[in-house]
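Read through the structures below before going on.
In what follows, chain A forms one complex with chain B and a second complex with chain C.
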Partner chain A sequence: MSRSPSMKISRFGLFGLLAPSVAIYTFIMIIPLALSFYYSLTDWTGGPTKNFIGLDNYKLLLKDSLFWHSFKNNLIILALTLVIQMGLAFLLTTFFMSKALRLKEFHRTVIFFPVVLSAVVVGFVWQMIYSHDYGILNAVLRSVGLESSIRAWLDDPKIVLYSVTLPLIWQYLGIPLMIFVSAVHGISKDIYETSELDGCTGFKKAIYITFPLIYDTIKVVMMLSISSNMLVFSHIYVMTGGGPGTSSMVLAQYAYKTSFGSMQLGYGSAVTIGMFIVSFGIILLFKRLAEVKN
Partner chain B sequence: MSVPLLLRRAGNFLFNAVMIVFSLACVFPIVWIIYSSLKTKDEFMLNSVSLPHQLQFHNYYKAFVEGKMYQYFISSSLNSAVTVIVVVVLSFCTAYALSRFRFKGRNLIYTYFIVGMLIPVYGLIVPLFLQFKQLGMYDKFYTLLLPYIAIRLPLPIFLFESFIRTVPMELDEAAHMDGASTFYTMTRILLPICKPAIATVIILSFLDTWNEFPFSLVLVSHDSFKTLPVGLTNFYGQYTSDYTTLMAAMVLSILPVMAVYLAFYKNIIQGMTAGAVKG
Partner chain C sequence: MKSKRWNKAGMSVAALTLGMSLIAGCGGNNTDNSSSASPAANGNNQEASGSTAPAKNPVKVKFMNMWAKDSTENVAVTVREQLAKFQADNPDIIVEEESIGDQNAYYTKLKTLAASNDLPDIFISKGSELAMFAQNETTAPLDEILSADTAWKDGFLPTAFNDLNSGGHTYGVPFSMLATSVIYYNKQIFADAGIASFPKTWAELQDAVDKLKAKGVTPIALGNKEQWVAESCILSALGDRFTGTDWFNGIINKSGSKFTDPDFVKGLTAFQDLAKQGAFNADLNSINNDQQKTLYFNGKAAMFMEGSWAIGAVASAPKEVADNTEVAVLPAVDGGKGNALATSGGAGSGYAVGIKGFADKKDAIAKVIKAISGEEFAKGLAEKGEPVAFKIADYDKSKVSPLAVKYAELSSQLQFTPIYDSYLSPALVSVLNADLQALLINAITPEELAKKVQAEYEKAS
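The block that comes next holds the complex of A and B.
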């Protein structure tokens, strides 16, 4: 607003409007955040003694193989999600653009639906899908005669990471899809009409016209995906708890386990902050790479 | 009909068929849970994919009453209702003050809230747990409300602030000339204008609160204070092999979300994806 608002309000009125929000917000979000930094510099285990140990927790973190193992798992989940979910979303976006597609409203409502479900319910649903004796996955494999590919989907350390990634891809497919679709709607129709006249159709149109024009949007969506995948917790907590062993351990699960499983509150805080630092690092790295490519 | 036209029709038909199969496959896991929850345990054990022979709601009774899912249901409902109301009131008041008045520190307060959207809430769990323990606020009926409200504040403040800015200032001035108080202008004139934004805020805050898991897991331990997602994990521990009852419990916990989604899916999809596309 360029001109100065002429409305007047008493100091008391202004205070009444702002104070409750500022107070609760400060108490719940800002103070704990500051405390978290402080705790990460102590050796607190929940008891009465709490010694300031400087950066020792962070030195330990650098050598903590489980932390880096969890980080690697996060990266694998992230890479799979970026490639499969984004790829699928882009493919579906090109389908949504097609005039031949009927029932668009139905498709979009159905594909987006899992997004609104709670992560816990999704975790349980997929645990049942993967169930050895009663899960639909094995039932389907059995009915098409692929008994040999039946697995203990969540109990086999070799494949568990892929099994826990699939629900994540499935649940959040609707977000990149709907963002891409609305970005495509923003592209001028003339561009498509002209390109079609020049004989550019189907996949050519998708790759040479749609993709470059929504490239900025794709970058934003990928960044959203990075930040949510680096912090994934509830799904994995429900499906495997990081197991078997530590084969599906992710950073958030590890932070939770260190803090509440073994009450290493100081170290757990350091793990949490470490998780944010590496996530932030990945985002910065991605930003850098995406710009360079442009 | 000419051959190319026929071919194209067939291609279109195939394309649409493939898309329908894909969409149905996307929603099938949930559909499977819903119809299986209406089967008896034995029926499910015999064939886990078939449709129920006869609809029966015993699993629901077992989950809701015997398994005490009702207490989580009540807790989730109360937490969501209070959170949504308080979030709307607080964020509207704050946004109104930030958008309509010029005062010292206005930009600072605005930025202060907007930064909150970037704070990863997982980082708050451990320190908040300790803070609540020390202040004797752990495991009380109001314990979850505080983080639920605070975490949800930044987005509505941002939404309302930008919405109120689009409403001409002359409206407030005219009301003022006619002798309306600030409070009257805010509640009787601006509030009704903001209805679309309020609807979005209500729906999104409800979904977030209803589905929230980590805070409820860590900050309360009384069963009657726990919300549905945590209740489900407890429930799972007790009924591990009783799949159909588990499925009934899951369906119960997603019914309100499904109802809200079916009623408002347009607002929800728009609200959750807006902002990522640069105009």
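The block that comes next holds the complex of A and C.
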């Protein structure tokens, strides 16, 4: 890029313009993170005394089965979301591209609508849907004669994790869909026309043309999905509170519970930092795996 | 290309950190809410004080409680009556009430406030939390204001302060004596199922459960989503039946008792067996204690177990249910070391004072606490049929609901045993409560639960 004289900004001006965002970033991210790390090295339980105990909390964390159990739950939720949500979004995108689909605007709005709902509201709504005696899900099952598959959806440790993942997938389906659709719109029409001439239609078109051309977008969307799924909290907090027992406990909830439920603020901070490290690790790993060699 | 990749990485880091600071920020958000919530909660009171000439610079006393604005609980109603009266008489003190109806949310907020040393002027707290706040020096010892007015102090029942002492100081003023484990049962449903009277032994109870199940009703409605119900309202009493109170004192004093002791495990086993037998509703871990009452009020359940605070709610239930409701406590168990005529109870919680407000608003705070705990308050409470923590000579019994009379009769024969979560540390309670959820759906065995709780107990000491 050649610099025109009008684009020249003095070094001072440059830093001046950067300062506000750097300040905001520092105050709402760097400092809390540093403070959290500091607390995680203490045995703080909410009082005036914070004894420095070095890395003891982290030693405990490594052996904390509940932490790893929550992490495993996070991973399951993440895997389900990546596969089902991304898959569905991609499938829907190809539908949106086809000429057969009517009322595209309407469909788009309906699918995107849950995204703007508060997570807490969604949690409550799904809690009602899952309700054993009054829930619509069991009522539907009963009316179509599937009495045998009626469950206490949020009370069975074997299925509770899937029960709480479904609302997550449903609510945020609109986001990848929106991004995919706009990415596909960016693909030049010529490519499709040429490929159609060559006899590439329907499903093949999606796999061999659309997918490779929006691969970069898919990567970004997946990354966003990973980071938001590692932090999932409100839905599960509202629906089950991590229960029954700890079967639907996730990292964010475990951090919250240790810090504010049992008041082990020092250890809770260690959990938060641990959560940061594993989430960051997953992102790095994903970047590594998703890279395409040119 | 490289810079672009860094952008992405930066973005994801940003998203992560933002999310995490949101979690960490939960507490902060809560505190902000308080100022906007209190004027609404306090509407009536301020009107009352508005009628008299407003004094110069009134002292504001913040009072945080766990009674929803429209709560029909007798304690809540009486406290609000006394506060309204107090406001009319004391225009120079403004009580700002903040109410959080959900017990879990209330204690979460309380602990968050405590962590930032920002406890309200007056708040309600369980003994176990108070002990922790006291250790952290965020709550003020009340010995001084109590001994400044000995008539008030000596007016309380001798055992009323038991749950609220820590390290030789008193940190809370009790307002009622409650039982946390009372069985409310529908005698009509019992009769329909062919059960003549409430079971006297554990075997009879199991038999009754079978009969009720055969009738197609849920024997016991349980709403344990918030996790304290199974422990506070059932296990506290059931455990004591098996272990006797000496065992629990041994736990508190760290003098040899263990959670893995066979007696306690027997109690857990009995609890789990009840669940295995199908005594509870299938969704016991996903509904809360209000919904458990709804099951009972709809006639879908024959019993539910909750504290004496539920009397008010039952009295305002549908008439055919309210009229048929009787109260009882858990039956005797075979080989149990505990007294069968006992249930978990005590003052449980009391009014406590944040250390910040105590420094410069001591007198105003003392006045408010006296108004909502003293003789007049106790009389008002007793007239609604609620057991009180204050000695009162005579009161008008005419307005007491029939159920409250039945409860008064029952409780006069009872001995109160410790409420587990009033004494055990919050960290321990949170392990115990979560595992009880798992116990009731057979996800762990009683022995495993006992081991896990014991491990947490040893970690703390």
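Throughout what follows, the second predicted complex is superposed on the first by the 260 of 294 C-alpha atoms of A that agree within 3 Å, B and C clash if a C-alpha of one lies under 4 Å from a C-alpha of the other, contacts with A are read in each partner's own complex, and residues count from 1 in each chain.
Definition applied: contacts are C-beta pairs under 8 Å (C-beta built on N, C-alpha and C of every residue); 3 or more make two chains touch, one makes a residue touch a chain.
Bear in mind that the values here come from a model prediction, so they are computed numbers and not experimental data.
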**Prompt:** For A:Phe71, is the partner it touches chain B (first), chain C (second), both, or none of the two (neither)?
**Reply:** neither
**Message:** For the three-chain arrangement built by superposition, which of chain B and chain C touches the greater number of chain A residues?
**Reply:** B
**Message:** Looking at A:Thr246 after the superposition, I want to know if it touches chain B, chain C, both of them or none. Which is it: first, second, both, neither?
**Reply:** second
**Asked** Between chain B (first) and chain C (second), which does A:Val22 come into contact with in this model arrangement: first, second, both, or neither?
**Response** first
**Request:** Figure out whether A:Ala100 sits in contact with chain B (first) or chain C (second), or with both, or with neither.
**Result:** first
**Message:** One more residue to check, A:Thr109. First (chain B), second (chain C), both or neither?
**Reply:** first
**Asked** Is A:Phe90 touching the first partner chain B, the second partner chain C, both, or neither of them?
**Response** neither
**Message:** Once chain A of both complexes is superposed, is A:Ile136 in touch with chain B (first), chain C (second), both, or neither?
**Reply:** first
**Message:** Which partner chains sit in contact with A:Asp156 here, chain B, chain C, both or neither? Use first/second/both/neither.
**Reply:** second
**Request:** Applying the touch criterion given at the start, work out whether A:Tyr254 contacts chain B, chain C, both or neither, answering first, second, both or neither.
**Result:** neither
**Request:** Please identify the positions on chain A that touch both chain B and chain C, taking each partner from its own complex.
**Result:** 25, 28-29, 32-33, 36, 131, 133, 220, 224, 227, 231, 233, 252, 255-256, 260, 265, 272, 275-276, 279
**Message:** Looking at the complex, which residues from chain C come into contact with chain A?
**Reply:** 5, 8-9, 11-24, 26-27, 104, 108, 111-112, 114-115, 117, 132, 135-138, 225-227, 281-287, 300, 425-427, 429-431, 434-435, 437-441, 443-444
**Message:** For the complex, give me every residue of chain B touching chain A.
**Reply:** 11-12, 15-16, 19-20, 23-24, 26-30, 32-33, 44-45, 48-49, 90-91, 93-94, 96-98, 100-103, 109, 112-113, 116, 119-120, 122-131, 146-147, 149-151, 153-154, 157, 165, 169, 172-173, 176, 182-183, 207, 210-214, 218, 228-230, 232-233, 236, 243, 246-247, 250, 253-254, 257, 260-261, 265, 268-269, 272-273, 276-279
**Touching residues (chain side chain A, partner chain B) in the complex** = 1, 4-7, 9, 13-14, 16-18, 20-22, 24-25, 27-29, 31-33, 35-36, 39, 95, 98, 100-103, 106-121, 124-126, 128-129, 131, 133-136, 139-140, 143, 170, 173-175, 178-179, 182-183, 186, 216-217, 220-221, 224, 227, 231, 233-234, 237-238, 252, 255-256, 259-260, 265, 268-269, 272-273, 275-276, 279
**Prompt:** Across the complex, what residues on chain A touch chain C?
**Reply:** 25, 28-29, 32-33, 36, 45-49, 127, 130-133, 152, 154-157, 220, 223-224, 226-228, 230-231, 233, 239-247, 252, 255-257, 260-265, 272, 275-276, 279-280, 283, 287
